[in-house]
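Two complexes come next, and they have one chain in common, chain A, joined by chain B in the first and chain C in the second.
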Partner chain A sequence: MFPEGFSWPLEKWVNGFLDWLVTTHGHTFEAINWGVLQVLIRVERGLAALPWWLIIAIMAGLAWHASRSWRLPLLVIASFLLIGSLGLWAMAVQSMALMIVAVLIAVLIGVPLGVLMAELRAVELVLRPILDLMQTMPPFVYLVPAVMLFGLGKVPAIVATVIYAVPPLVRLTSLGIKLVDSEVIEASQAFGTGRMAQLLKVQLPLALPNIMAGINQCTMMALGMVVIASMIGARGLGEHVLTGIQRLDVGKAVAGGLAIVALAVTFDRITQAYGQRLMRYRQVQDNV
Partner chain B sequence: MKFKSTLAALALGAAVTASAGSAFAACELGRTVKLADGNWEGIQVLNSISAMILKSGYDCDTEMVAGEMVPLFTALGKNDIDVFLDVWITNNQEVWDKTAAQGAVVLGVLYPDATEGWYVPRYVIEGDKARNIEAKAPGLKSVADLAANAKVFEDPEEPGKGRFVNCPIGWGCEQRNNAKVAAYGMADAFTNFKPGTGAALDSAFAGAYKKGEPILGYYWEPTWLLGVQDMVKLEEPACTDANKDACASPLTEASATGSAKFVADASQVEDFFRNFKTSSAQVSTMLAYLKNNEGSTRDDAAKDFLKNNEETWSKWVTPEAAAKIKAAL
Partner chain C sequence: MALIEIENVSKIFGKDPKSVLPLVRQGRSKDEILKQTGHVVGLNEVTLSVEQGEVFVVMGLSGSGKSTLIRHINRLIEPTSGAIHVHGRDILKASPGELQRIRQTQMSMVFQRFGLMPHRTVAQNVAYGLEARGESEATRRAAADRWIARVGLTGYEQAYPSMLSGGMQQRVGLARALATDPEILLMDEAFSALDPLIRHDMQKVLLELQRELRKSIVFITHDLDEALAIGDRIAILQDGRLVQVGRSAEIILEPKTDYVRRFVAGVNRGRALKASDIMQPVRAIEAPSVSGDSILEKVLPIVMGTVAGVRVTDARQEPVGFITRERLVHAIVSGTLE
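On to the complex of A and B.
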């Protein structure tokens, strides 16, 4: 047995801190909730207002733009037709809206953090253990307190999704910036490029394939979170799966699960195709 | 014949221990009293209270027999356990009938008012001056008033509608509540929000209460949550033959039950369990004590109850026992 005297009251501190946060700053979180919700509701209503064939057409168009081949658009069309034919269109749109908003927030937070992490050693030292924590902490641990802070529904789900999905984006962005050839940077400095211009016009463009890979990872993790988020009342495909599981209606759960897979495959292939295209550009540039 | 003589020897033995017991002011049963110790907190605190009363009031040692619900019933039927508290007979009718057929009996109603319903924090109706919260729905008394007060419980995800926090999907109460939402004329004014898990339901209530925000949702008692938070249960229409679904859920009795052997052996101790009468609110308070006091044990909660509720428990025991218990505290 571990000696009992060797203990520290972590549980008490965490509970006390959460209590303090909810009691004294509850309204701040309500305000954040409101703000994120306005964005989410608009995205959701916007997507819901589009006719189904237009959404498929846009996604197929994106797929073609990313891959410049006819195979990916066909896969995308098939995936969306599968979702629609399972009667899960409206739920898939809700889940997509949740994922899009979560990924947007993750990009807004993750890319700048990744840049800072690559540039400043101190930031990396602090950030690395935090990213490890975010990636390995079981999501339910922060999902339930998120409900206390933000109330039930989609915003705590988005917050939890961002926590869960942002680490790979930060890491890959940082990696991408670090991998930029030092000779290229020296060359740009030789031409008198300023610090900001060097970042925006040299480093970030060259790091784009890695950032795209980060966005791809981020998107996949956000979709994976859809089911977990339904445990705090986020509606969408996850709710369908959860209903199936909790009523022991396996068919329902499988249908919901398949729809999530179809969404995941679509977004995975499209973001990957964009990443590969960027990579090809870079190779062309390198060869020149 | 042999069987009869064994019985006689047993009876003699029992008589000897009984007389020895009275001589040394020991437990009237001449053995430890075995309590069924289920895996929920309610029964555990009630058992701890019983153990303390039996020890200091009647000099009886107790043993907690831990187990799952059905094995505990089996043990009660086979006289391996003496007393099983906090039994919700109506929810376990089938297994109880089998146990009763083996001679187990209901000693009394432990608390008559376990229930479920739709709750709102008291400050929503009455306000709370100490916390500077104004009453947002002063006229709210019954579910019939909800449609008019939908704005108070606004669903941020669907502005203009109220939010009713239902049970998680898959719980029996979810379907009952669905029927009620329709029958109470709330289908258009409220979203029927399913929180996904019990933990999410709890933290929705806990978060809203700490912030002083209005919330309307399903809950049940006795539970720690209703011991910690001052909530008001909304009135619902009474059930009739024509309307069996969308109406107030009946109060459920939690009983104290004893084995055939216990009833045969005990007298004063049996009387204690027959008089053991508390309420759902008191049990909620016991559970809230556990929740509020980190690291506290069931025994701490039991002691807290005995210290603060003398007028309640002194009615359960003989005056001599009451004096002894008070001295021990």
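On to the complex of A and C.
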């Protein structure tokens, strides 16, 4: 046995800290909760109001716009028909809503952070170990503070999802900015470009393919987390899988899993195709 | 006063550049300072001036500090010590906003690897400087069309840089630099990345444009033939130190150090030197005439057909000098005038 006296009250400290946070900053968390909920409700209602064929048409349209080929739209249509035929349409739409909101928030946080990380050494020094830590932690752990601060429900599910999905976006944004050819940056400076214009007109556009890769990863991780977050009250496909497992209803769990895969493939391919399209201008490189 | 005046500029790279300055001023070499302090000397007390309308070439091997030097003129690099005046104005005292304005209006730059923006079309690249300056869309388009035509790229306005060959990309770089109508053109090894034939073409393009535009050009190169081909005056840098400045004939005929001597040893003097570079005072001897602008290679057969030598005449056919057979042969064979 490990000696009992040799211990420290971590659990008590963490609980104490969270209690303190909730009592002193409760209003802030409530405000965040309210804001996120408003956005989520609107996206959910918006998606739910659309007829099923229109959602499929929109997604197929996006797929065509991203890839300019007929193959990807066909894959998208097949995936959504599969989901519908499994009787999981409404749940899939709920999961999509959660994922879309989470990715939106992740982009709003992740891209600026990535830019700061690329530009300021101090930010990188602080952020890098945190990102390393975040990416090695099992996703379940993120549920804990989310539940502590926001209770059970959709908002903590989104918060946990954002925290889980944001690191690759931050990293890839930072990488994209750093990979911009230094001579191009120098050229923009030599022509008297201001700091902000340089970021918006040169650095971000050239980093966009990498940022898009970040959004792709972010989307995939968000979809994964949306499933896990059903444990704390997120509705949707994850819930279906979870009840399937709890009741040992393997068929139910498999159907839910299949629908999740179908969604994942769809979003993965569409975001990847957009990433490819953004690199169009690099086409004829061997000419140089 | 010269257009660009660079006085005692030193640039030291490292943790505490100022602490190394005394060593630089004592005249220690780049290697000594690197060994002793771990600092790299980029420029070592460089003083030079560039006149309005001239092509001023800065030449040196890699590591000689030439690219560092050119970036001091538009302050892409800050000197460790020294002063830089453009038009009599101390540009080291310019605020960030003023510096931005100077870069937008007074000087522009052409880069070794072109520095084009891959996500912009040729037309958008050429108009970039005007866009940074805040010119209207119509002005930008008109200037882009005009300069694209001037560098011979009409028809490629909507192409992306990656679709163009190296030579064409640098034409875009040149058009971009000229589109803002700057007084000063900074060209950092602008043609070094091009293959020899294309490089030669670009030198011709530049000289043609220069004949008409009369910009003040600071041109960096490691290629002496290029320096001789386009430079009105040439400065030679070695390990961050300026070792000689002069017209090409002075550099070839009177190299001041062994380093310069080694540099010019391989030059084709028959082509690089003109009759006016080596002529002596007019002599009252009847002899055939050659123009002062003729290269020695052209003068040689004429001189060989004479006993004494040839007369050199200026543009109005007035005699201005005389070249003896010995002098010509010496100049071509050994690069000396005695």
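As a convention for this text, the second predicted complex is superposed on the first by the 270 of 288 C-alpha atoms of A that agree within 3 Å, B and C clash if a C-alpha of one lies under 4 Å from a C-alpha of the other, contacts with A are read in each partner's own complex, and residues count from 1 in each chain.
One rule holds for everything that comes next: a residue touches a chain if its C-beta (ideal position, glycine included) is under 8 Å from a C-beta of that chain, and two chains touch if they have at least 3 such contacts.
Since the structure is predicted, the reported quantities are computational estimates derived from the model, not experimental observations.
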Contacts of A:135 with chain B and chain C, given as first, second, both or neither: neither
Of chain B and chain C, the chain that contacts the larger number of chain A residues: B
Partner chain in contact with A:206 - chain B first, chain C second, else both or neither: second
Touched partner set for A:281, first chain B, second chain C, both or neither: second
Touching partner for A:272 - first (chain B), second (chain C), both, neither: neither
Touched partner set for A:190, first chain B, second chain C, both or neither: second
Interface residues, chain A side, partner chain B - complex: 11-12, 15, 19, 22-23, 26-27, 30, 33-34, 37, 41, 140, 143-145, 147-149, 151-155, 230-234, 239, 242-243, 245-247
Chain A-touching residues of chain B, taken from the complex the two chains share: 156-157, 165, 168-170, 193-197, 199-200, 203-204, 206-208, 210-213, 294
Residues of chain C that touch chain A when the two form their complex: 74, 76, 99-105, 108-109, 111-119, 128-129, 131-133, 160, 162-166, 169, 176, 180, 186
Footprint of chain C on chain A - complex, ascending: 181, 183-184, 186-194, 197, 201-202, 205-206, 281-285, 287-288
